[in-house]
Amino acid sequence: MIDVALFGAGRIGKIHAGNLARQPGVALKYVVDVNAAAASELAAKHGAKVASADHVFGDGAIKAVVIGSSTDTHAELIQRAAGAGKAVFCEKPVDLSLERARVCASAVAHARITCMIGFQRRFDPTFAALKKRLDQGEIGEPEMLVVTSRDPGAPPVDYIRVSGGIFKDMLIHDFDIFRWILDDEAVSVYATGSCLTDPAIAKAGDIDSTAVTIRTKKGRLAQINTSRRAAYGYDQRFEVLGSKGMLQAGNHTPTEVTAATAASVSRDKPEHFFLERYRVAYADEMAHFVEALAKGTAVRTTIEDGVKALELAEAATTSWREKRIVEL
Amino acid sequence: MIDVALFGAGRIGKIHAGNLARQPGVALKYVVDVNAAAASELAAKHGAKVASADHVFGDGAIKAVVIGSSTDTHAELIQRAAGAGKAVFCEKPVDLSLERARVCASAVAHARITCMIGFQRRFDPTFAALKKRLDQGEIGEPEMLVVTSRDPGAPPVDYIRVSGGIFKDMLIHDFDIFRWILDDEAVSVYATGSCLTDPAIAKAGDIDSTAVTIRTKKGRLAQINTSRRAAYGYDQRFEVLGSKGMLQAGNHTPTEVTAATAASVSRDKPEHFFLERYRVAYADEMAHFVEALAKGTAVRTTIEDGVKALELAEAATTSWREKRIVEL
Amino acid sequence: MIDVALFGAGRIGKIHAGNLARQPGVALKYVVDVNAAAASELAAKHGAKVASADHVFGDGAIKAVVIGSSTDTHAELIQRAAGAGKAVFCEKPVDLSLERARVCASAVAHARITCMIGFQRRFDPTFAALKKRLDQGEIGEPEMLVVTSRDPGAPPVDYIRVSGGIFKDMLIHDFDIFRWILDDEAVSVYATGSCLTDPAIAKAGDIDSTAVTIRTKKGRLAQINTSRRAAYGYDQRFEVLGSKGMLQAGNHTPTEVTAATAASVSRDKPEHFFLERYRVAYADEMAHFVEALAKGTAVRTTIEDGVKALELAEAATTSWREKRIVEL
Amino acid sequence: MIDVALFGAGRIGKIHAGNLARQPGVALKYVVDVNAAAASELAAKHGAKVASADHVFGDGAIKAVVIGSSTDTHAELIQRAAGAGKAVFCEKPVDLSLERARVCASAVAHARITCMIGFQRRFDPTFAALKKRLDQGEIGEPEMLVVTSRDPGAPPVDYIRVSGGIFKDMLIHDFDIFRWILDDEAVSVYATGSCLTDPAIAKAGDIDSTAVTIRTKKGRLAQINTSRRAAYGYDQRFEVLGSKGMLQAGNHTPTEVTAATAASVSRDKPEHFFLERYRVAYADEMAHFVEALAKGTAVRTTIEDGVKALELAEAATTSWREKRIVEL
């Protein structure tokens, strides 16, 4: 039995708690949250106890911590876990500061602990199947990647203000998709963007619509287009053009109903947002983490992946702000 | 140059005239219609002359007649053409009377003239491609056929009254599709139906919705469902299940636009009706007829096919009226 | 806490056990199976005990029994449950004998117990959403229903021999779909079929391909086409034509990957078979059963529904065997 | 009757000749080509005469010239037509030199002749329908445009060498789509690219894969991805994200056949190349040109549009070569 402590009893914390509960061989022992009521409720639901961080790191029986608390807590918790020799599963990003994320990665490497970053999209059934088929050579060598990544609506401006900006907050997932799918590293990043959906976002110093282009070492090309608002729901698609064809990952829909009327032939909108679309992905990434702990195998999304995605987010932010191509 | 006369200057006559005009090596010499104004207009458009039937059959230079006039004129015109040794292209049905259709077929066989029946669906690009792939063995032996055939709306009740009933008027095309696709003959027919869209159709002694099942000599099964009304337009689909898979023929749409909004993800309705959907099919069947004349080759949809489809329509009518399975 | 006993530790029994385990407020207390090893294993997995039927029915704490054992055990278990005043969830069919099924229904009515029949398809997200939209009037009055229901492959002939025949074993689900979707009752049934996939099925006195047509009291029409073999997987579609349009329920696929190569543009085959396709439906029907017990509300798929579907299956069998239309 | 002369009897010249022949009120009088045999054959087919450019421009009866000859002849022919007061339909590009294209535009403006550039994509049924619906406000204000434009295979390297480079030769159409769809002008262009399909293209000083980003005056964003090679055929898609939804233009396919087998569920590849995909567009643009001449109305794709698209192509070429963002 692997004893685990969970940091964060919010939306994503609940997802992780539920997924941990479904894993055989795992016991959720502690829930930690500054919001005591939320911590109590979640702990009660899964037969865990509320605890402080100090208590968690002082309990030698705890083998792993799952970090789903706010971004500004990630780095410190990772470093404490490294110090205590506990395995870590941490939500993205490692930190908003690239510098600090690198320090965390060093601590992890030095302590030789397992540290998995929650890039759940790699575990999405559609994305994972596409990647597998790409690796099997179904479309030959990949040449171009086009990523469409749009949220149904923007988060509150208060959140945007502390989010690190759209590139670190939202596109960090797309940057990870880019690295994973093309299996290549960026040599240059060009990013531009606009505030088109809500002037309050511009006032907060951010944008809501972006267009990013990345060139890789092998000369491959990637384009990412992003918006904080898609009236039709969460739009999560990408396509890879290869020497022998193309693989496309489409959206998931709640049902397979088609309606044909005098007006049109219509189908469902995509699943509403990330909790629906990535429900299976969240379950599968946690199963992967637990399996890695149980078997002592490597995790697929490491803290190095977290640092690399953050490097791209920082380069994109610079490109956008300074209106220049950033070489890496 | 092959000189041709056209009977019928109505909706379908215009289509045939236009398609004849596009064929090299063909001259539309005469247009015949009881409506003198329509005949004149169509003749003028294509540089032809208005003529009487007697004149057409007396003109030895006329090699072929295209019959697009009303159903009650078909049989006599086919017989006169046979007598005069002229090739025939005739719209379906040969006649509403199976007996009389057989007499026509005998006359055609005796005179050894080419006689093609206008089962244009066999020339539809989608249907023809499906048939070709089926014949190439892509899905092994065919086992079941499901045909969906729905009009956007019913014709005037005055027309329905003289139409011969829905099985002879509308399903005759589907019966031909059945024979062509399964390459097999019926041993029993069961048909039922209802009047669901307009009570006036029932008053006229007809129905507007049908469900037909056919068993073949080889034990294959076919189901046809038909309605005089589909709010979303002309619905012309079929699918064949075979031992190694399935081939489906879908509807054609005017454009490939998809709209995603807060309401739904929608696409075009099917092309509105037969003039749109079978535009290419009408052109291709006429090109096939002209090529057969020029090269002396056989036509793909013979008067025997017309008789066989009519036999099925009559069997279905009997099955529906007498509430029994009809053996053939 | 509702204590439940499960009969049957086979494939479907495992599904139900797992779904019961996920319901709060339910305890799986006993597992009963003639296969002692299977019963032990499943009981152990869910913290239950192995027991005999006598023990289950003698335990007053058991509030409900879930019957997933072989078909020949259903009727007796339902009757014993009725006698003991325990609620019942029973897999379809109630019994292969219509007479005996009616006796069970009487026993249930007399004892006033809840008895739900496992027509899980009504709980499928796609089918349930379609039904809801139909009831909301999105396509007006329903007129025609076309059901396509094909298995990826036939079960062993030994099973077919005791299955009651394809209409009772396989189409019983489709007959329930028919009644549920059209919300109407049959007045006549015509069924025909062939053995096209494996001569051993014919030797066992059964067929593997069927075509069924049903007329309803309101004059609506339904066609069902079925095969024991679809090379491309489990094909579970239906469409309803209504006065204002059409609703179609399509297949579910494992992923939303599209591959475009020099050969074709391809997508996933449908989910392989019923355990995959109806995974959510099985969970949702059990949640519904448990909720009905907890709240004392009615279940959506009653034993009367089970009897009615069996009546249709028997009528279809007679129609096929005697080559006649069966009036109901 | 409008007398027209055609320059160029090659692939595109034949298309235009055929489309001119189908227009009532137009007579193709002359065909001009340095290849005498090609000119003779095409002229004979349409009842025209072979002539020299001098003869054409000296014939006062000629009202319009259609220029489908090689790119290096366009500018001179436009200028001569302007001098002779004849209307012009000219294939893209106006010229490879932006300077010279501007001179042509001035000549056209000065002579007040009609001059239409062959941006046939605006006349494609799918693209035109999308644009109309966008203009009707179906998705609110447009915000982002993503264009995917891929050829089935690269032209001969000899052609590439004199083509002006991929941006002027291939993307010029996409730049026109950008201006037309967003109804806005570029303020900056970033373009990058690689040679990934054939090293001979790099040797010829060109690339085969590009990624372009354009910012507009209104802050809108456009991304274009292009390849000279798509194994699955001609890929011509774009999508517009607006404040209220998205409109997508998909590929056209030869048929609507779907095949489901043990391997996959597959559909047709897109129509093979531009002659197939834009067959209707070529016909419709010529009908539009002729109608504009007959009615004296304005043409939809002017020489100014040709100059603007060329400006973008030149900016993109500079951006790629000099690895910098180009401001306009």
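Letters A, B, C and D mark the chains as written, and numbering starts fresh at 1 in each.
Note that in this section a residue touches a chain if its C-beta (ideal position, glycine included) is under 8 Å from a C-beta of that chain, and two chains touch if they have at least 3 such contacts.
Here the structure is a predicted model, which means the values were calculated and not measured.
**Student:** Taking each chain's centre as the mean of its Cα atoms, which chain lies farthest from chain A?
**Tutor:** Following the centroid criterion, the farthest chain would be B.
**Student:** Can you check which chain pair, C-D or A-D, has more C-beta pairs in contact?
**Tutor:** A-D
**Student:** Roughly how far is chain C from chain D, going centre to centre by Cα mean, in whole Å?
**Tutor:** Between these chains, centre-to-centre, one finds 58 Å.
**Student:** Approximately how many whole Å separate the CA-defined centres of chain A and chain D?
**Tutor:** Comparing mean C-alpha positions, chain D is 42 Å from chain A.
**Student:** What are the residues of chain B that contact at least two other chains?
**Tutor:** Counting only residues that touch two or more other chains, chain B contributes 139, 230-232, 235, 244-246, 259-262.
**Student:** How about chain C: which of its residues touch chain A in the complex?
**Tutor:** Spelled out, the residues of chain C in touch with chain A are 125-126, 129-130, 133, 138-139, 244-252, 254-262.
**Student:** Given the complex with chain B, which residues does chain C contribute to the contact?
**Tutor:** It comes out as residues 139-141, 143-144, 146, 148, 150, 188, 190, 192-197, 209-211, 213, 215, 219-223, 225, 227, 229-232, 235, 241-246, 323-325.
**Student:** Show me the residue ranges of chain B that touch chain A in the complex, using the header's touch definition.
**Tutor:** 230-232, 235, 259-270
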